[in-house]
Every structure is written in structure tokens, then in C-alpha cells.
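The structures come next, written out as C-alpha cells.
Two complexes, one shared chain (subunit A), two partners (subunit B, subunit C).
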Partner chain A sequence: MNIVERLLEGDKKACARLISKLENNEKEAIDIVKQLYNRTGNAYVIGITGAPGSGKSTLTNKLTKELLKQGKKVGIIAIDPTSPFSQGAILGDRIRMNDLALDKNVFIRSMGTRGSLGGMSRATWDAVKVLDIFGCDYIFVETVGVGQSEIDIVKVADTILMVVIPNTGDDIQAIKAGIMEIADIFAINKSDLEGADKTKLEIEMNLDLNEKNEYRPPVIKVSASKNQGMRELLEKIYEHRRFLEENNELEKRRIRNSRLQLLKLVEDELMEIILDKSVKDDLLDKLSREITKGAIDPYTAKNRIIELIRR
Partner chain B sequence: MDRPIRVLVAKPGLDGHDRGAKVIARALRDAGMEVIYTGLRQTPEQIVAAAVQEDVDVVAMSILSGAHNHLFPKVVNLLRVEGVDDVLIIGGGVIPDDDIPGLIEAGVEAIFTPGSSTKDIVNYIKSHIKRK
Partner chain C sequence: MNIVERLLEGDKKACARLISKLENNEKEAIDIVKQLYNRTGNAYVIGITGAPGSGKSTLTNKLTKELLKQGKKVGIIAIDPTSPFSQGAILGDRIRMNDLALDKNVFIRSMGTRGSLGGMSRATWDAVKVLDIFGCDYIFVETVGVGQSEIDIVKVADTILMVVIPNTGDDIQAIKAGIMEIADIFAINKSDLEGADKTKLEIEMNLDLNEKNEYRPPVIKVSASKNQGMRELLEKIYEHRRFLEENNELEKRRIRNSRLQLLKLVEDELMEIILDKSVKDDLLDKLSREITKGAIDPYTAKNRIIELIRR
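The block that comes next holds the complex of A and B.
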């Protein structure tokens, strides 16, 4: 059996290998995605973001167990940052998910962000599509919430769950800075600790400031490690899904995501072509030096580069 | 090779210390590898499931409890049952010299005892990877 047949039969080894090949940008794997792309679109993708240590992995584990009880097949993609110094990474999310590893209806994959040049969003997107083809009903994408990565998961997720913890004034500040808008649901995790009510109030007050949308993100107190509030949280996810589906918003959101993905692919390839073409007589270096000396202005230099692909 | 080597660092068995495993994990990361760390007290079945799903190049196990003669070969065999034949399997921990030949015989390709430097382990992995 070839890798495609094995993937469609639910073979985890084939699924894992295909994800690796896509991560490494191998043509054979891209061809497989092309061939199977018409089988995508069935999985519902949930992005989970929040500060390191807020309990994202623990929460993902518990939500997965609820989904398994309902007979669902679940994929989990857990992303941790790659070290900019060594290009290596320690991917530790499985620590909180070991008890899921043997379930035949769960597939867990850890990924490093690797290079910044579209690395994460592209590889994540690919892995999501493979798990979708693999037959997952739900796919969780866990990313550490430190800036760009939250924005990036918007590109793959249908519902975005923001995990916050009580008593961190900082956190709410960070959420205010542009990230608040992307959350569809707020889970205040570790509500067994003090301060959850205050945090809930602060988030609600922030939401009050937003113009009245049809959908207001719910804010719910949970405790993943104590397995409290997991059913309610899952119910909120279902509610959001229903909202999207009933208002034609799901399709809109997916089209927006596809558009971002398409632009990203084009951008990556254009950059590659440009870098490739300007290797000839060191055009990039030469122009950079001339700009610095004032021999050419950056706008004219830019046109010189653009001419390379216009031709 | 222009992709990072992926390594599963696993702690089978019941001992509750993972300082050594964490030191190794960090050294491998600093050498540019992607280290999937699964924490304490893994069963051989869990280790194999993780190795399969993470599609690792290397399974590196560490044991301090003395159960290596039982657990290391078990992982090797379960990987074979799964049809995984292109993964480098190495072990470490407190392992008496007398036990090493038997473990090598069982399919663990190298054993690193507390005297080994992390550099030795990095170099061994880099030169013994089975997949391009």
C-alpha cells in the first residue's frame, strides 16, 4: 500500500510521515496534498492560545477527552517556539497529553515554529489539512500567545479559544493590545486559584467597550487540571460553531483564511524568485550598498528589483 | 541535512527524576534538534505511540530505576511490531557495564552512562541517523 492509501485507511505512521514531508517542503508530499485536497473541509479547527503555563495543553487534553466520549476523532497540533539561536526546540506539550497517546481516535503532533518566513503558518496549515484528510472531526492547534503567533492561528482556526489565568494584571493588558479581538471564547483557567472573578470582570468590561456585535465572546471560568467546566467550555465551542454556521460566517471565515494562506504562498514564492534572480551579479547587495552611499534612492532600487520579475 | 533532526526523549519506568533527561534535551536543542519531551513515567506503549506520531529520527530513553533490561528491549520490540525500522534507538542512565552487551544485542544501538558528555551523544546521533 502506498502512503495515500495508508493515510486514508487511518494509518498513523503514514499520517505522521506525510506531515514531516510537508514540514520539510518535499514535492512528493505537496503533490499528495494536491491530489487529496478535495477531501478537506470536514474537520472543525479550534485554535488555543494564551501565555506559557496558562494550561493550554492540560485544557486541550481534557476537551479532547470530552470529544472522545462523544465518539469524535481528534487531532492535536501543539506548536512551541524554535530557538532563534540553534534552530532547535524543546517541544513539551505531550507531557500533559500522555494519557491520550494510545487512543486510536487521537493523533498528536508537536511542531517547532522553525524559520520565521511563513514557517509556522504554512506548516501548521499543511498539518491541519493532513489531519482533516486523515478523518479528524476536530483539530486543536495550540500556540503560545506571544504576539504574532496568535495572529497566525487566525489563519487556520474556525474558533479561537483564549486561555487566561486569574490575577495577572499584565495578562489583561496584553490582551488589550490587539489580541482581544481575535478571541471567540475566553477560558479563565486555574479558577481554583484566587482572583478568577476579578479577571472575568475585567475581560467583560473590555468586551463592553467593543461595539455591539451579534456575537459576544463568552468568558467562562474553568479548571483544566481539576476537570471543572470542561463540558460547559465545549458547549461554548459548539455554540460558536452554530453561530458561524447559521449566519454563513463559517464560510466567510474560511474564505478569509484561504485568502491569507494563498497570499502567503504567493509571497513566499515571489520572494524566492526575487532572491534567486538577484543572486546574479549580487544585485541585492549592490543596491543596498548604493542606497547607503546615497548613490540611488530606495524607491528606484526597488523598481530595479521588481523589473526582474516583470520580465 | 537541511531539516532538524527530531528526537523523542523519553523516561520509561517508575523513577521520578528527570534532571538528566532534561539536560540531554537542552543539549540536543542547542545542537539544533527538535526534542519532543514526554515527561516522567512513560510506558513502552506510550513511548512507541509518541515516536510514531511525532515521526522522530531518534528515540532516546533514560532510566535510573534499574528496569532497563526489561524496558529498553520492550520498546525496541514494540517499534518493530509497528514496522518502524528507520529510527535510531539509544539509551542512557545508571546502567552497569555488564548489562550493556545484552542491550546492544536487543537492538539498542548505543548506551550512554553518566560519564558520557552531551557532546558525545550529539555527535553519535548526528553520525548515526538512518533517514536523510
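The block that comes next holds the complex of A and C.
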């Protein structure tokens, strides 16, 4: 059997191999995604974000177990923010998902951002599509909330779940800095810690400011490690899904996501063409030196490079 | 007198107006930068980064006062991370710089990132160049360390100063996530707080791992609000500058920065052309819908758009 047949039969190894090939930008793998693209659209994608240490992995783990009980097939993609300089992953805790990894209805994948300064790499989107084709009913995309990556999660998710822990001024600060607006559900994890009610209140007050919206994100207290509130949290996800479906919002959101993804692909390809052409001619180096000396201004230099692509 | 003459005579209002015009992407202003670009390269640019609440503004304030005593002209650009969704600035504390704002040798500017998902906007680079032309000896670019923005600061700075406060596990986490590598100097601010020595030790241990480098970033304890260690910190900045200059590293760094800036300009222009053309034809919308339905794959859709630009 070839890799496509094996993928469609639910072979996890074939699935893993295809994603690796996509990470390496192999043409064969991209051709497979192209060929099978009409099989996408069935999976429901849940983005999970939150600061390091907020317990996202444990929470994803527990939600997955709930979904398994309900007979669902689940994919988990954990985005590791890697340094663009050292390319080393900072989170080694994915290993604790191992008890799930053996289940034939769970596929787990950790992906680095590979020094792509844009955060979530194109390969992540591809991986979501592969898991969709693979037959997952639900796909979790878990990312660490350090700025760009939560914003990138918008590009793949149908529902965005933000995990917050009590008593961390930093989290609220982060929420204010643009994350608040993208979350569809807030889960206050480790809610047996002091300050959980205060954190809930703060988030609710912030939400009051956005009352114009038809959908109001629920804020619920949970404790993933104690397995408390997991079923309720899953119910909130289902509720959000129903809201989107009944109001024709799911399609709108997916079209917006496709648009962002398409633009990113275009951007990447254009930059590749540019780098290729301008490095070949040493033009980029030459112009960078001249800009530094003040011998040419960056705007004029830019036009020189733009001309390249039109030839 | 026209705006150029006034700028060159040190008129702060002319300087402010030019930067505003650049923020609004006005052609006239870009033409002025182009025309005066050969006057750039004299200012020394110091990037200041660190978590919210680490006291960056106070520290910048105090360093500026030291520089003023030494007869220097100083520019300060404070980057406010604004939400890409609400476009509201989260930091209102710039106001405390007001006592400096009246000094004729200080120019202070707060800039939003204007929903540009890339963090630091092109206008920031332009503002640095305007302050350079304006005659500033030193320019501080202060940004809040929330991921992308510290990485963007690399694109403009000659020296990068990272401000850390004691006893915050989060800071160390952030440092590990890629910031460590870009800092040239570490200032442990509020160092009268418990844990300052421990934080210093942790940073030093991290630096030990990078011993291969010729230059080792100093880690010094300061207290900006108590005006302690400011002269020493300034001396460290001078030392780093001397190191760069004596080893021909300053030019290399500036060429690298020019290159990043040039690529960003190219990228922005290409995306503008693409959006312009594809929105006109409704092509982007049409393709995004088809991708969502699975009627076309994103790679084929991308090629359709790339063809546009070549026409």
C-alpha cells in the first residue's frame, strides 16, 4: 500500500511520515495534500492558548479523554516555540501525553516553529489538514501564548480556548494586549488556587466592555490536573460550535482562515523568489551595504528589488 | 522655512510632524527621508526590552538624564504594543517622561504598532532615521517584551539592553525563549528586591553556555527609580559600543539591520500589490471560499495569485 492508502486506512505511522515530509517541504507530500484536499473540512479545530505553566497540555490531555469516551477520534498538535536563534525547543513536557499516544484514536504531534519569525509555520496548517483527512473529529492546536503565536492560532482554529491561571497579573496584561478579543472560551485552570474568583471577575469585567457581540465567551473555573470541570468545558466548546453553525459563522470564520493562510503562502513564495534572485546577484548584500553607508535610501533600494520579480 | 529646513535647525515640532506623516505613509514625508538619507548613520541606537512592569521607562528616563549631563542630544521612541483587534494602547505610563519632554535636547515619541502583526512597524524605523537626521547622538527604542517585538528591536538597535526584575520565573522563561541571545547587556532593575542575586546568577549561568562568543554581555544590578547604577550602566553601553567599533562589528550589525529592513519593505510592498490586484478582481475572496469548500487546494490557489503579480 502506498502512503495515501495507508493514511486513509488510519495508519498513524503513515500520518506521521506525511507530516514530517510536509515539515521538510517535500514536493511529494504537498502533492498528496493537494490531491486529497477535497476530503478536508470535517474536523473541528480547537486552538488552545495561554502562558507557559498554565497547564494547557494537561487540560488538552483531559479533554481528549472525554472526547475518546464519546467515541471521537482526536488529533493534537502542540506548537513548541523555538528560539529563532538557537532553534531549541523550550518545552519538554509533551512527553506526559504518552498515555494517550498509544490509543489508536489519538494522534499527537509536537511541532517546532522552526525559526519562522511569523510563529506558527505553514507546516502546522498542513498538519491540521492531514489530520482532517486522516479522519480526526476534533483537532487541538496548542500553542504557548507569547505574542505572535496566539494570533497565528486564529488562522487555524474554529474555537479558541484561552487557559488562564489565578493570581498572575501578567496573564491579565497579556489578555489586554490583544488576546482577549480572540478567545471564545476562557478556562481558569488550577482554580483551587487563591484568586480564581478575582481572575474570573476581571475577565468578566473586560468582557462587559465588548457587550456588543452576540456571543459572549463563557469563563469557567476548572482544574485539569484534578479532572474537575472537564465535561463542562467540553460542553462550552460544543455550545460555541452550535452558535457558529446556527449563525452561519463557522463558514465565515473558515473562509477568513483560508484567506489568511492563502496570503501567507503567497508571501512565503514571493519572499523565496526574491531571496533566490537577489542573493544570486548579490544584490541584497550590495544594497544593504549602501543603505548602511547612506549611499542609497531603503525606499529606492526596495524598488530595485521589486523590479527583479517582475522580470 | 519648510519642514526640511526646520528639521535640520532642530525644530522639535517639525520633527514630530514629519514622523506623523511617515506614520500615515505620506509620500511627501517618504520623499524627505529619501532626500536626507545620506545624513543618517551618526546616531547610536539602543534597544530596551523587558517584561511589562520591569521599569523600562524609568530606566530610559534616568539614562537620558545622564546623557544630557554629558551634553548629548537624545531621542526616545517608545513602542506601545497595541492590540491588532482593538488598536488600543495598553500602556499609559509614557506620561511620566514629561519632565524630559520640555528639554530642547530630548525628543520623545510614543508609537503604536498599529495592528501591524509583525510588531514594530516600518514607521518606527523611519522615526529612528528622522531622529538621526535631526541630530540625536543617542536614540532609545523601548519596547515591551512580548515575543515578536523584542525580535523586531534587533532590526534597529546597535546595542540591546534587556531589563529584568528579580524573582520572576516568567522573565527567565522569556529569556530562554530566544531573548537571551539578542541581549548585549542585562540590567537587573529593582535590585533591592529579594532575589536579585539569584536572578543575576541564573542569567550568568545561561551566559556560561554561550561562552564561545568573544563578547560576554555584562549583568548588572541597578535601581532606576533610586537612580542607582545608572552611570555604570551607561558605561557598559559605551563599552559595548567600543567593542563593536573596534572589531568592525558595528558596521556588520548595521548592514544586517539594513538587510532586514529592506526585506520588510519589499514584503510589505509585494503584499500591497497582491491585495490591490486580487481584491479588485474578487479573486482572493473567491479562492478563499473555494479552499474552505475543498474545491481547490491552497497551493494551487497560491499559484493563481502569484501569476497576478507577474502580469
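FYI, the second predicted complex is superposed on the first by the 293 of 311 C-alpha atoms of A that agree within 3 Å, B and C clash if a C-alpha of one lies under 4 Å from a C-alpha of the other, contacts with A are read in each partner's own complex, and residues count from 1 in each chain.
Definition applied: contacts are C-beta pairs under 8 Å (C-beta built on N, C-alpha and C of every residue); 3 or more make two chains touch, one makes a residue touch a chain.
Everything numeric in this text was worked out from a predicted model, so none of it was measured.
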Contacts of A:S191 with subunit B and subunit C, given as first, second, both or neither: neither
Subunit B versus subunit C as contact partner of A:K13, first or second or both or neither: first
Which superposed partner A:G41 touches (first subunit B, second subunit C, both, neither): second
Touched partner set for A:S110, first subunit B, second subunit C, both or neither: first
Which of subunit B and subunit C A:L102 touches, first, second, both or neither: first
Partner chain(s) touched by A:N24 [first = subunit B, second = subunit C, both, neither]: first
Which superposed partner A:T64 touches (first subunit B, second subunit C, both, neither): neither
Partner with the higher number of touched subunit A residues, subunit C or subunit B: C
Overlap of the subunit B and subunit C footprints on subunit A, listed as residue numbers: 82-83, 85-86, 90
Residues of subunit A that touch subunit B when the two form their complex: 12-13, 15-17, 19-20, 23-24, 82-83, 85-92, 94-95, 98, 101-102, 107-110, 112, 114
Residues on subunit C engaged by subunit A in the complex (per definition of touch): 30, 33-34, 37-41, 51-53, 81-86, 90, 117, 119, 125, 146-149, 151, 169-170, 173-174, 176-178, 181-182, 251, 254-259, 261-263, 265-267, 269-271, 274-275, 284-285, 287-289, 291-302, 305-306, 309-310
Footprint of subunit A on subunit B - complex, ascending: 3-4, 6, 25-26, 28-39, 42, 45-46, 49-50, 52-55, 82-84
